[in-house]
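Structures follow.
Two complexes, one shared chain (chain A), two partners (chain B, chain C).
Showing the complex of A and B:
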């Protein structure tokens, strides 16, 4: 049958397109890994040594045994974890009320939250820099984490509301009948059920925090306080062609935790984003 | 500030007959205070600063329109705006087109039970979680103009002369857009994937009976049916592209010359390198206005959708 024949042909075309796309999207990261496991001599051989003759882990060793680099990693984790936790703590009650109550101004507030999210962090940081300066909070992780936290709140409120919306109210009503207070209901009934939504909101906040560059770049200038994103930028400014492999190794180490966390929870995160995208 | 809405909620609560229904505002207060302090106050302050003459080291001493006038008549601004328009348009078109291609490929492959579709989706999503700064640095290695640079040494294998990816102004723009598209495609893919999955297969079956080819089906079914998703993705990707510059900062630093200095990077440089706080605030105001305008469009788009519960 010709119909089946054309379908087969279309399958082949799909495979070809998929392979080309996979190659194009994977190439930058593969090249990065390739550079990171080369000796300096092989870096200068370019594409001819895409798979190095003498692969080495020496670059990673050098980066990871550098004490300040460990500090940068720790700073990055600390800032994004504090920011993500803080964002969830303030967003949960708000999202819960948005989900469970209808009160006047609720949808206007939700739209307001959506709107502020669209404002560039750069715009906010111009005045925030001055406030932090006056409060003596420049060069502190507390101030930076506070901004990470604030930047995560709008997205968290929207995501958590969506996940609370999906939990049947009847379960909460049962708890209320048994004499559970609203806060108790939220804690013991709703939150456990909303665990997948909470987890994906938390991981998304962590990923955004891990990528965050502008906030620490502006609010922190002391080297020991910098997270990894700022550190690799500064490192890149000080490297030359002969240390490309070290920069590549540093980039791999920066990128890897984000990719690993994401892959581990991919299904959860994508479905959360998809729910947001479909519903708005 | 943000509290203006809460008394309304507080008044309403006592009217509810059920027990243990305290007002909504204590639940909202932490989030709203946070948003007030970190969003609303700064935005209003940017507005104030834009009309003043503050520098990063000195507060406003007098207000007036001279600052804004001076900023808007800066000889660099028209060029920066043009760069912003070109970069944003190239990125948005690239992201939407690539995102659509990936989404439709994955959907078709999944329907036919083809192998490797989740690999494609995963690879695209992986690029998305790469921090923007790392993205810029990675592409800088790829676009390196040294003889051993990734792309140029690959071209050399095929006997093609090296390309000045980053040192030629118009190439640099293309390079920056490519790096941005690589990272941004995932978002468009997710939106389009969800939208395409939601389309009824009947439409395609009917079209197939009528003898419509794949291209006709794409043009006359997929595109019109996915109109809402395409518009939403366009608005969100545009905002996202306008707001960020870490990829450009790490890749080209805005250069060569000012060839890739977009508005947000120009604003950043004005405030934090030239210490011109008021001038930078005036520029920031342009960013805010564009973002607000696009958000209004976005909210209208959401409201137009019949399945929306708002």
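Showing the complex of A and C:
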């Protein structure tokens, strides 16, 4: 067999595996979409009819015009955005220092930050609940967003350090010679160049927050404070067969922003803004 | 416009690695000084200490008579062209060139005017709206120069600005640098490891080696009177020929009983290193026996490498019509007026009356 032939075979294998994976992940999603566009009558047919005879958008309409659904969606976005923003605000200075200064124990600290990521939030939930109760922060968005933020910091620091590392030091030195103060250099040169990295970290944090369930479930019990993930769970708990299609529609709408964010993230990661900074 | 002075500048990194060892240098107002030296000898470090990007361990730096040790880079009023250009990738060419002026609070319209004028001089007017990523190496180099020129600083610092260009572009940029020098005479420290650049552009050349200044002087003086063995070997291509020899009453005797006449009084019997440039040696009817190893015709001349009886390589520049064949046995004669004498232990040049 020629080398070319083996390569072909390997390519084929890659595609087959990719297809299996896609099927594995896509099937539940497609099932969800299928349910979401059914009339109540067709919901009873179950898996027997994957593509409904009378597809309808009425379920989406009903969900989107529902006041409380809007509130849950807004709560979800608010918590994610606050958490992601907070994580960024905390991570940027930390990552900058890790990238630009060398000090004793820097790499140990970086690893230490990462180990925080390895601790499951499950382990922390009971103590967290107690702390928040003591602080009188139960049933507040600040508390939940704060936890989102803390969970996002380790990965953000690592991501941002990598993007600061990719910025040549000579650019900052050039800015200094051009008359920038250290703060000016950060503001006019370093941060704009780290923008794609910061955006990536922000979106990733948003995604992680969006799929967050346990933290808001434990910390927020009042209905009007809950984000969409918890609300859907509660709704599903109270669901009867006649509302399955509505639940599915709500789920689809919830997944869409995550997909959009993911596509944006991919574009950012691919864009190579550093090209042309230095000769080469 | 200002003069620049370094006094006993030391720079040590981390665990006592010495990058600059008591460097002292006076650069006159509007003088163009070129620093040459092998890789890692401290050329860039010297520039960075002058610019204030790196802090000196000890010593003084003066610009226009004032000590600037404690000033931040921006306050020293120097402009630097970096070894890697360091153009801001998120700004247009115009933005890059104007950045320093804007940060110093110059009005937008005035900055625009200055940028335009510099762009005309450098012939990059039609590139002003592009980003650095969309420029060729030569164009980036010009933008980097423009960013320095537009500021009209007290001192220009150049760190190997031509090193990444191809040979042809380098020659044309070299003449452009010379034009710039006429156009905007400014105190300049220019770093290179290319001695052709050094010889053709410098008012004075500084030869550095492992953190120390070996010699400072006008290019031809460095070429004709190297202060020590390092400078003798570093400046000139092919390098100066160096042979062990013993001083006699009338000159020096090279191993192999060849005698070279030197003028002046001397320490008879003293061991020395005798140096002579490739253009000072040629075949003759009598003299040092040697064999032709290789011939390299390079157009206007031939570089011939000989091997002496003692096995030492001797290179020579000869006219292009020289009739020699590899393997041929000849005798070599040295123009004694061009011979250099060095102390084998200290490496220092001994004047011929030593």
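Some points to look at:
In the analysis below, the second predicted complex is superposed on the first by the 240 of 280 C-alpha atoms of A that agree within 3 Å, B and C clash if a C-alpha of one lies under 4 Å from a C-alpha of the other, contacts with A are read in each partner's own complex, and residues count from 1 in each chain.
Just so it is clear, a residue touches a chain if its C-beta (ideal position, glycine included) is under 8 Å from a C-beta of that chain, and two chains touch if they have at least 3 such contacts.
On a predicted model such as this, the values are computed, not experimentally measured, just so you know.
Chain A has more of its residues touched by B than by the other of chain B and chain C. Contacts of A:181 after superposition on the shared chain: both chain B and chain C are touched. Of the two partner chains, chain C is the only one touched by A:171; chain B is not.
Using the contact criterion defined above for the overlaid structures, shared-chain residue A:189 touches chain C, although it does not reach chain B. In the superposed pair of complexes, A:142 makes contact with neither chain B nor chain C.
By the touch criterion stated above, A:31 is placed in contact with chain B alone, chain C being left untouched. Once the two complexes are overlaid on chain A, the chain A residues touched by chain B in the first and by chain C in the second are 176, 181, 273-274, 277-280. Across the complex, chain C meets chain A through its residues 48, 51-53, 72-74, 78-80, 82-90, 99-100, 103-104, 131-135, 137, 140-141, 147, 151, 164. For chain A in complex with chain B, the touching residues are 7, 10-11, 14-15, 17-19, 21-22, 25-29, 31-32, 35, 43-48, 89-91, 93-94, 96-97, 101, 103-109, 111-116, 118-131, 146-147, 149-151, 153-154, 157, 176, 181-182, 207, 210-214, 218, 229-230, 232-233, 236, 241, 244, 247-248, 251, 254-255, 258-259, 261-263, 266, 270, 273-274, 277-280. Contact residues on chain A toward chain C in their complex (touch as defined above): 168, 170-171, 173-181, 184, 188-189, 192-193, 273-280. Within the complex, the chain B residues that touch chain A are 2, 5, 8-9, 12-13, 20-22, 24, 26-28, 30-32, 34-35, 37-43, 45-46, 49, 56, 101-102, 105-106, 108-109, 112, 114, 116-117, 119-120, 122-127, 129-134, 137-142, 144, 146-150, 152-154, 156-157, 182, 185, 190-191, 193-195, 198, 214, 229, 232, 239, 242-246, 249-250, 264, 267-268, 271-272, 277, 280-281, 284, 287-288, 291-292, 294-295, 298-299, 302, 305, 307-310.
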